[in-house]
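Labels for the chains are A, B, C, D and E, by order of writing; each one numbers its residues from 1.
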């Protein structure tokens, strides 16, 4: 459950304080009767998404002849996998279930997911990060419901108070520039930037051209020069100057430092949009700073992916109906509007509906821009462990461990998994 | 072994303090004692008070007013929201059904087993007792997976039964009731036997009525325990309308880090019934714990 | 076995007569079996069989989603003993346990002694101190992760107000485990206190009066009368605290998820992590079995070393 | 009818590896309506015997017959025997009424009304009619005792068993309850076996006393028989308070020789003692000494070490050759510490026991003793 | 020296709103070396008085002087007073040696060796030298009792306080320990206050008896004084076993009139009773009745309801006008149930009390009684 939950997989932080909405508890299970049957769908719990899930479910039930009714079951993110892994071998599998990108390879590897290419889904339909996240062994096992990316959110008022000029929302700063902002903001407000201990580091490493594994997935590169440079850039600011806060899991998150006025910049995801929108602050997104090696701002892409259990008693026809439904253009082009995520299908970006939505919500422009720069997770069944390893070592760096040692250790543990 | 009784546990006045050390020394000692106790009482209660106060802040102002301990304009909006957006009533009902069910069966089976272990005379008694003591030590997480498979094989998953059995099987109550029954004199049993009671009638007519204080303590104890149950119901249930309150609260947010106001409101709601019951029957609660003591 | 004095006295009062004799009759045997059967069956089915199942699983490479579970013998155990994370978890758990034994037990005893002075307001004090005991671990953990928040938490606010250096609490690998232990002590003290209080009430006044006449002062009475006579109770408290503390999990799960830098990995948390996050069920079961052996061994050891003369 | 016969009763407890013989070959016939007292030192098997009769203990060997029927292996309920326990064993959660009626409710199919009627009747008889709605905790010791008795009586059993039923009461109450119990037993005429530690109870309450030691029967007889004609030294020492004084003596040539004194015996006694030359034990009850005003040839000089004036009688402790003996002075006579008593031992009041086996070789006879009884008109 | 004076001692307990007067204006002077017995019904304040003297209870008002020094407000340790508790209160976790030495260890700065020496000496004296390494749980009641005494003795206090120290022992052992204690006290010569419930102990052990009731002093005097010259009806009824018989009578014209009998009084007695015409209570001890062979003018016909032959004496319960009275027959006389005794009441043995206040108006005198004492040489 550790780092993996922290938004990296889009772990349901897209909630937000909207505070209104219909019954989210998911008590939707009244039996329709007749010949058509009830679809059982699982997802980890996310109150912000429950309304749209219910809406889509009833729409599907209306459209479909085979499905009379859809029953959603939600479980807390931390227990979701445990729940799924006990239920499937015991024969209690749902007809389709949401998977985090960290889990898709595992399900595929264990032969629990249905091969979607055999059922008419085409991997080429999806944007590259989403496609890669949904695939394992070059085969598609899941359909992205939506995809996301990571950015920086800033409090523009605090920027002005510190005497800084508020950057253009689509402007991508360099590390140097970003570092000077942090220093200035810290002088004025005590803290310049707040990030999560693990992903805060990941994103800097990715933005500098590093990653967990090399191109062909045979070796860890998390201890290469690019990653080390990222660590060396961050460590003094976290450990000595304390101008950057690195949040460990289990407490408050980086976004909450922004909301509380503790820091003027924070690590944020596209899914934080509703919460920021409703906060009443003067804020904007900003692309992740580009690194010295590559000036592009690569960050992880994740999202929610639906898959069909191959075993455990799932009704695969019903599952396929659901996947086809969410894969439809009708659904994909509206994901941003309805849930703040971004479409997995390439062609959805071309639609008028998507375009006009972005026009009406200019604060999302940097998101739309950065989606193209996202990177997918390694397609390896043990990717969760890699994730844990790197994040544990990142935490240790913020406790003062020498970056080189920490990263070598992470690399060693990752290599052991390959 | 040991006997149990709560006769000694009087939280009132009167006791072994010898009076003759009056005077200055005594007054100072008492004042210091009051101070220490007051300090600890404060330490023990302040977190709850604080949680309550925070839950009175509007959701989107929690972080902006983080340093105000007493909310400027308290509101029950979080409570209203949490209640409106979630089937809290259903969850509470589930919790009640589970807790009451478990309490009932625990009391029934544990008094029976405790009676047999304390007063019975049959082969294998010491074996059973050893098992009881031994399994007290097993962390419940350990049996999670095999038990899930077992429940599933029985086709019991997603039923109240499946949740309840794990708690009913808990050996603690058996142990506690045995300790209690050991303290009841055998002559009472013999008198009942002379009066014509069968072994089982002795249980219903004599032992059970005598065990009332222990029963209420064990009941309360079990109730708290089941009320706080989280992992097992979550794993075994497939239907969120079956969730008990604690699991439901786990669903309030994707992660704990968001919607703190509602979460704390829910925490207060979840803690309230037990705390209220506790305040009403403080003695019973403490006796429940004290009854477990004295064992070696 | 141990038996506190008050209890003994109660028993004496209650059963001056034949406390160890049993009614033997040929037909009663069967009814005893009938009486104990429901519990034993349930108990065997729900705890024992799965526990044996866990042991069985520990001898296999058991990924829950996989279709085959190859037998690997003791490999999981061998691996366990070479696993630094596991050793780390053991050390953390032992440290946590030690903290509870060293701080929780004496403080609980101290509070019980104070409450036993029968001051005015004893009921209120004991009620307040006992309050955390009735609240569930999830809830207190949630509340405390807030109190511990370095920027927003009450604790640092208080430390700041008094001019003491503020701590990172759960955010630093050097203080996280101690913070969890501190909260657990807070939550658990009332429990031990009540047991001690019952034990204290069970010591007859006569002993104190005899000691007063013998010229023992308050401290000497505590040292020479209360402490030795409280030994059975203390023994019980130690065992329970030990068993309980070796199961530490919920707090870690809610408050730190093992972090930072695995500084709060405990045995059960590691079990959960390997079993339910990484799905190496065979390995996880081996951890569970080892945990069981440790706790069982500890309680037997404690019984051996303390058990000798706890009964008067 | 409640004729109880105990035949060769033996009860062995297995205690770990050892076995403890609690009752050894006990043989007693108890008449219908008899009040029989069991006495003996602690651990001698009194309770065990009682519990065997009640059916609370299985018998190792031997038989128990009630009115000729073998009940050795019947369950307790079917034996028609009621028991009163030392600590009463009243059910603390039931009212006195429920306590008394519980046995009827459990073992008969009487209607509730009928039970109530019977309970009330018994309660009236016991004088606790107005306490019926109270629970045992609200009753005094004596009242509890009465409820416990009522519980036994209401079942109209053939036999009552009572195991030290008065031992938890204070002295005054014990005296009252003692006579009450006796009256009651006489009125009801129910065979009763009564275990006690108390001398007074043993001597005064029963028709016959059974004296046990180490699981074995020592003597069975009326109180006066046991007092005047003890079978052996054990019984002689056990019955009577203060205890009998024992002197180690040598018997030869018709003379008893003690370190401090000698006694010539009469012809009659010599005949009794024929064949018992050698070591004997002389037993003299404290009240049997003859206190003489003057030193005489047969008197023993006994310096007084402690006196205990008890009102009408005074216990005087004297030293005779290193050992302490007790003398009871009756009437209003007192003796002071430091003075010396001149004691004579009347031959007819002597008890003599074989020094080895402890068997009595000479006793006083009850019939002799009762000769002196007062003239009383019928 | 251990002269203890209790002056106007008063102890009030606050029990909720009520206050309980446990000891009320008690005034006693106790001589050095005296053995004083406290008796009285349960709750009369015996223990409280003792605890006040020990310093375990604060005194409400009044003074306690030891050898003339006011110790009322001294802490227990400094009082040089040792106490023996009813259930001994031996520390269960310490060996007998530790138990005995604990007081020395705590309240003096003696060396360990010195303490050991003293403990051994006392243990020898008490005959428990070889039990010193055992814990109380391994000792019998009598041995525990001795350890408890040893613990008190070793401190060589000025005053011993003992609160029912023998009440937990069985009858035989109690008798033995009684004399032992008495001898010990005489040997040590330490002022001792001894609380008991037991008639025998009260009558035999002490130099003087203090009789309390409801916190108030009823009488203080030697056992025989209290027996023969009770101050009031309470004392008369309390002292002596079986209890004194009381008859409600009217006194007029020199005659006591009871429903069932009348007594003409002698001139001497009439003088004593001058001014007490009206309702009186006549007290007669069970052994004071004159049992006549024949009905006579002054005899009372008393049907026997129960007899309790006790060996040398027999208690006979008789009915006189609806009420039950006790008669003690001494010697070897017996009476049977159903027969009728003809009783006379010798005038010199009559006690008369004011029916209202209970004050004695006529008693027997001890000096008269002891006239009849045996001739004993010094």
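A few notes on this one:
By definition in this document, contacts are C-beta pairs under 8 Å (C-beta built on N, C-alpha and C of every residue); 3 or more make two chains touch, one makes a residue touch a chain.
Values in this document were obtained by computation on a predicted structure and should not be read as measured data.
Shared contact partners of subunit A and subunit C are B.
Of the two chain pairs considered here, A-B and C-E, the higher C-beta contact count falls to A-B.
Compared with subunit D, the chain whose C-alpha mean position is the greatest distance off is A.
Centre-to-centre separation between subunit B and subunit C, using Cα means, comes to 15 Å. Mean C-alpha position of subunit C lies 56 Å from that of subunit D.
The mean-CA centres of subunit D and subunit E are about 27 angstrom from one another, to the nearest whole unit. Computed from the mean C-alpha positions, the centre of subunit A lies at a distance of 92 Å from the centre of subunit E. In subunit E, the residues touching two or more other chains are 55-56, 76. Counting partners per residue, subunit B has 18, 20-21, 63, 66, 145, 149, 185, 187, 190, 193, 250 as the residues that reach two or more other chains. Looking at subunit C, one finds that residues 14-18, 21, 23-24, 64, 145, 151-152, 204, 209, 212, 254 touch two or more other chains.
By the touch rule above, subunit A contacts subunit B in their complex via residues 5-6, 11-17, 19, 21, 23-27, 29, 40, 44-48, 71, 73-79, 82-83, 86-87, 89-92, 251-253, 256, 259-261, 275, 278-280. Across the interface of their complex, subunit C is touched by residues 1-4, 78-79, 81-82, 85-86, 88-89, 106-107, 110-112, 197, 245, 247-252, 257, 260, 262, 311, 384-385, 388, 392-393, 395-396, 398-399, 401 of subunit A.
The residues of subunit D lying in touch with subunit B in their complex are 51, 54, 56, 76-77, 81-83, 85-87, 89-94, 102-103, 106-107, 151. The residues of subunit B lying in touch with subunit C in their complex are 1-18, 20-21, 29-30, 33-34, 36-38, 40-48, 50-51, 54, 63, 66-67, 69, 109-110, 112-113, 115-117, 119-123, 125, 128, 131-132, 134-139, 141-143, 145-147, 149-150, 165-166, 168-169, 171, 174, 182-187, 189-190, 193, 198-200, 203, 224, 227-228, 230, 246, 249-250, 256, 260, 263-264, 267, 270-271, 274-275, 278-279, 282, 285-286, 289-290, 292-296. Taken together, the subunit B residues at the contact with subunit D in this complex read 185, 187-188, 190-197, 201, 205-206, 209-210, 212.
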